[in-house]
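Several structures are given next for inspection.
Two complexes follow with chain A in common, the first pairing it with chain B and the second with chain C.
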Partner chain A sequence: MEIAVLVKPVPDAETRLRPDPAGKGLDPEGVKWVLAGYDESAVEQALLLKESAPGTTVRAISYGPAVRADEVLRAAIALGCDRATSVEAPAGVADDPLVTAAALHLALSRFPASLVLCGKQTGDHESGLVGPAVAELLAVPEYGVAVNVRLDAGGAEMTLQQSVEGGLLRLRAKLPALVALQQAWNDPRTAKLPNILKSRKAPIDRVPAADVAAAVAARLPLATRRLAFRLPPPRTGAKMIEYKTPEEAAQKLVRILREKAKVFP
Partner chain B sequence: MTGAVVWLERTSTGVAGASREAVGVARSIAGGGPVVGLLVGAGGPSAAERIPVDRLLLVDAPGLADASSAQLAALLAAAAAASGADSMVLAGTARGRDVVGRLAVRWGAAAATNVTDLVAGGSGELHVTRPVFGGRASETLELPGPRRILAPRPHAFAEPPPASAAPPSEALVLPDGFSALPGRGMEGFEPTVGSKGPELGEASIVVSGGRGLRTPESFHLVEELAESLGAAVGASRAVTDAGWRPSSYQVGQTGRAVSPQLYIAVGISGAIQHIVGMVSSRVIVAINSDAQAPIFKVADYGIVGDLFPILPALTAEIRRQRGLTGSAPG
Partner chain C sequence: MVDFALTSEQTSLRDMARKFARTEMAPHAAECDRAGRFPEEIYRKAWELGLMNLNVPTEFGGTGLSLFDQCLIVEELSHACAGMTTSIIANCLALEPILLGGTEEQKHRILDPFCAEYHLASFCLTEPSGGSDAGSLKTRARRDGDHYVLDGEKCFITNAPFASLYTVFATGDPSLRHKGISAFVVPRDTEGVLPGKEEEKMGHRASATSTVRFEGAKVPVENRLGAEGEGFSIAMRTLDQTRTPIGALATGIAQAALDHAADYSKRRQTFGKPISEHQAIQIKLADMAQAVHAARLLTWQAAWTIDHGDRGSLESAIAKCFSSDAAMRVADEAIQVFGGYGYMKEYPVEKLLRDAKLAQIYEGSNEIQRIVIARELLQRYA
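For the complex of A and B:
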C-alpha cells in the first residue's frame, strides 16, 4: 500500500527570528530549514507502519520554495522514506494554509496514497488547517490529534488513538483517510550518517510551479494577506519575590496572582 | 459583514468556555447582524446556560453527540445558509480547528486559527492578529471577504455576560447528503491513568515540574499544587525522558505547546526547547534555586529558593484561600 507523509520546511528552533525589511514576514536570510516537530512524528509513524506491513511504500511530500522543500525531503529519505515529491511554490504566491492544501492536493492526485499522514500543526504558523483541508479536498475522513496508528485487515482499516481531554479515544476507521499526528509515543528516530549521505543523491519527483499555479488559482482570491510580522517587546525579566520563610513566599505570590496578575482561580 | 454562526461545542459540563468566548468574537464581527448558535447533540442547553446568541439552531440525531468534523462542517454550512450569515466562529479547540480546515474548503471562505486579537473595520475589512513560532513572534493577517471563518485561541477573548433569558431555538433541517458522511467511529475511551485535571493544551492554568524535583516520587508535589489550582500538570523533557511521567506531559518544542493564563515552572531551567512551548502564556511564574536560571528571563514573577519547602507552603496557602480542605479531594 501507499502512504504519503506531508512534511513542511520550518526554521530550526534555534533560529533567531527577524522580520524582513518590509516587516511582513520572517527574514529567511541564514535560516536552516528542518522538518516541523509534529511532522517528525508523522514520518516516524509512517515508517513504523511500513515496518509492520511489508510491501508498503512511504512517500514524503513537501510544498514550498524548491530549495527548502528538497532539504526536508532529503531528511525524510535519510530517515527511511522511499520516495519524495517536491511541490514547487510559484514565485510570489500567497503563503496561506488553504493555498498550501490545494497545492498538496494536486500532488496527491498525481501520487495517490490510501493513507495520508501529516502533523497536527507546524511550529511556525501553527494553523492546523492544512491536514483537514487536504482531507476535505480528497473527500476522505480526517482524524486529528492522533498518537498511534495501527493497520488492520491488510491495510483496509486502521485502529488509532486520539489524545483528548482526560484520556485516549480509541477509534476504528476505514481507509482511505488522513491522520494528523500529535507527538508520537516513540521518540522519532534519527538518521544515520551513511543514509544522510545517500539521501543527497536520491531522486525527487517534482510537481512544477506552473501546474501548482493553475491548481491554486481558484483559492487565491480567498487567501489571507500578511500585513505585519512582529517580534514581541523583550520580556524585562521576572520581578523577584523577597521573602524570609516559605510561608511568606507563598502568601506574597498568591496575593500577586490575585491582585496584580488577576489569574487566581 | 452581516451575521455570524458559532458552533457551541459541548463538554461533559455544558457549553465549552472557549465556545462562549467565541460568541463574543462572533458579536464583534457580525456587523450588527444576528449571532446564531449551532448546538449538535442531545437537547438544548439548560436554562442556566443563557448563551448570549440571538437564536439557537439545534441538531439532535442519533450518534451526533460525537459528530465527525465532516459532519460538523456540513451542519455549519447548512446553518449559515439558513441564517444568511457570512461569518463563522469556532472555538480553537482541537476539534474546532479540524472543522475549520474542512469548512474553509467546503464553504469557500478565508480562515484563520489561533486568533488573539482582531479589528473589524467599518467598511467590512477584517484584520486578525495571531501568535506564531510558539509566541516568539506575531502576525497580522487580512481576511478577504465575503466569507470568513475564525477560530479564536482559547482564553484570548473575554466571555460575554450571559443573556437575561434563554434564546429562541429551533431545529436545523439536515442538509442533503448528510447521512452519507462518515461518523467519527469511536470504539472506546481509555482515561489517562492518574490524570484528573484538565487537558494540558486547553487548561487555563498549567503547573510544570522539571529535573529540580530530583526523583519521580517527589513529582507529586507538583501534582498537588496543580490540583489546588484546578490546573493541568506538565513537565520538562528531562522528566519525561527519565520516565518519571509519560511523554504526554512534555511541554516544549518536541512536546505540547501551551498558552494558559498562568504557567508555573517548578525546578525547570528554561532551555530554549522548553521555552518555545510556554512563552506565550499570559503570566509566567518560576520557582528555581538558581537565580541565574534562564527561565527567570521569560517569567513575570520569580521565587528564588528550594522548591521542597516552598511547594507545600504554596499548596497549603492556595487551599486555604480557596476554602479547600487539607486532604486531596477524590
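For the complex of A and C:
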C-alpha cells in the first residue's frame, strides 16, 4: 500500500529570526529549513507502518520554494522514506494554510495514497489547518492529535489512539484517511550517515509551480491578509528572590505581585 | 578556486553529528568523566548510525568519508565529549594500517565482518619505553613457519580492554631499527594476547586505555600487512591520515570552551552589569574566538590538502599542533572567565582543560609535530 507523509520546511529552532524589510513576513535570508517536531513524528509513524507491513511504500511530499522543500524531503529519505515529491510554490503566492492544502491535494491526486500522515500542526505558524483541509479536499476523514497508528485487515482498516484531555481514545477506522500526529510520542529515529549520503543523490518527483498556480487560483485572493510580522519584545532579566525559608519566599513573592506587578489589589 | 562554504551534503552530515553529540553524548559526559565510565551503549549507537568506521570505504562496510568530512563530524562529537570522541574514532586509527598496507583479500577478509557488527579495534604502536621514538620499539615478531610469534608489551592503547582486533607493530630485529618493523592484525581471541587493567586518566575518562601484552601470541603470516620491514612506514602514513582529525577534536574542545564562556559571560553580573560588558572579558573572548577560528581553518586546509592527494605532513602537523595548543589556551581562559565556578567540577569547563591536554600529547606529541614542521620547512630552503 501507499502511505504519503506531508512534511513542511520550518526554520531551525536555533535560527535567529527577523522580519523582512516590509515588516510583513519572515526574512528568509540565512534561515536554515528543517524537518521538525510534529512532522518528524509523522515520518516516524510512516516508517513504523512500513516496517510492520512489507510491500508498503512511503512517499514524502512537501510544498514550498524548491530549495526548502528539497531539504526536508532529503531528510525524510535519509530517515527511510522511499520516494519524494516536491510541490513547487508559485512566486508571489503568500504562505496560507488553504493554499498549501490545495497544492498538496494536487500532488496527492498525482501520487495517490490510501493513508496520508502529517504532523498535527507545524512548528512555525502552528495553524493546524493544513491536515484537515487536505482531508476535506480529498473527501476522506481526518483524525487529529493521533498516536500509535496500526494497520489491520491487510491495510483496509487501522486502529489508532487520540490523545484527548486526560486520556487516550482508541479508535478503529477505515482507510483511506488522513491522520495528524501528536509530537514526539514515538521517539523519532536519527538518520544514519550512509543514508544521509545516499539521500543527496535520490531522485525527487516534481509538481511544477505553473500547475500549482492553476490549482490554487480558486483560493485567491486569500481569505486572510497578513498585516504585520513582529518579533516579541526581548525578555527582561529575571529577578531572583533571596530567602531562608519557603514561607519567607512566598511572602516576598506575594509582596512583589501586589506592589510591583499589581496582580492583587 | 578556493571555497570555504560547506555543501548541503556536508551541512547535513555535520547536523546529524551535532544532533547525536547533543542528545546522546553531552547528557552523559559529566557522569562518565566523574566515574571514568566507558559508555559502550553510546558507542554501539554511534556504530549503528555510521559514525564509527568513518574512513573505511563503503565496499568494506564503512562510511567512506573524505578526511574533510570526517573532520566536520569529529569536531561536532568532541564539542560534547572529547573522551567519547577518542573512543569513537579509535577504529579509524586502528583500521587505517589495513587500508594503507592490506591487500584487497586482507581488506575484505578482515574489514567486512569487522564493520558489519559493532566492534572496536586498537592501534598498538606505543610501548612503555617510548612513544615518540617508535623506531626503537621492542615488541618482537619471530617468524616460525606459517606464522609469527609476538612477544612484548604496548601501553596507552585506546579501547584496548574492549577491542576485538589489534593492529600491532613489532620488530623482527631491533638492530635494524625502523627497517625491522612489520605490521600485524591480531584478533583479541588469539592465545597470549593480554589486555591490562584500565588506566586512571586525567581526562578523556569516558575512553578506556590500557596496556596490551603479547606472550607468545601466534599470528598467521596472512595477517601481516605489507612486506616485512614495511611496518614503520605504514605506521607513519597512518598517522599522516589520522593527525588531522585530532586537530578537529581539539577544535571541538576549544569551541565548547568558547561557547560556555560566552554564554556564562552574558549571565554573570559584576559591578552592576553582565561581565560580557567588561572589556577585560571581551578581550579574552575575542582572543579565544580567534584561536578557535584559526584552529578550524588550519584543520580544514590540512584535510583538504590530503583529500587532494598530497601526503600533507606539514599541513596536518601544523593543524594538530596549533589546534591542540589553542584548545589548551581557550579552555584555560574559559575557566578564568568562570572564575571560582570554573574551578569547580560542577561546571563544565575544567573538564575541557583536562581533555585538551591529551590532544597535545597523543597521535604524535606536539614536540614531534614541531620537528616535522621544521623538517618540512627547512627542506624548502635547500
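Convention: the second predicted complex is superposed on the first by the 247 of 265 C-alpha atoms of A that agree within 3 Å, B and C clash if a C-alpha of one lies under 4 Å from a C-alpha of the other, contacts with A are read in each partner's own complex, and residues count from 1 in each chain.
Here, contacts are C-beta pairs under 8 Å (C-beta built on N, C-alpha and C of every residue); 3 or more make two chains touch, one makes a residue touch a chain.
All figures in this text were calculated on a predicted structure; none of them were measured in a lab.
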With both complexes overlaid on chain A, does A:I77 touch chain B (first), chain C (second), both or neither?
neither
After superposition on the shared chain, which partner residues are touched by A:L106: those of chain B (first), chain C (second), both, or neither?
neither
Return first, second, both or neither, reflecting whether A:L47 touches chain B, chain C, both chains, or no partner chain.
neither
Across chain A, the partner (chain B or chain C) reaching more residues is B
Once chain A of both complexes is superposed, is A:A173 in touch with chain B (first), chain C (second), both, or neither?
first
Would you check which partner chain A:Y243 touches, where first means chain B only, second means chain C only, and both and neither mean what they say?
first
Overlap of the chain B and chain C footprints on chain A, listed as residue numbers:
none
In the complex, chain A touches chain C at residues 71, 74-75, 78, 190-197, 199-200
Which bits of chain C are touching chain A when the two form their complex?
8-9, 12-13, 16, 19-20, 23, 48-51, 54, 58, 63, 65, 73
Residue ranges of chain A in contact with chain B within the complex
11, 13-14, 17, 19, 26, 37, 40, 97-98, 101, 120-121, 123-133, 135-137, 141-142, 144-145, 147, 159, 161, 163-174, 180, 182-183, 185, 187, 221-232, 235, 237-241, 243, 245-247, 249-251, 253-254, 256-258, 261, 263-265
In their complex, what parts of chain B are in touch with chain A?
11, 68-70, 73, 94-95, 97-102, 104-106, 108-114, 127, 130-144, 147, 182, 184-192, 195, 198-199, 202, 204-205, 229-230, 247-248, 250, 253-257, 261-262, 272-273, 276, 282-286, 291, 296-305, 309-310, 312-314, 316-318, 321-322
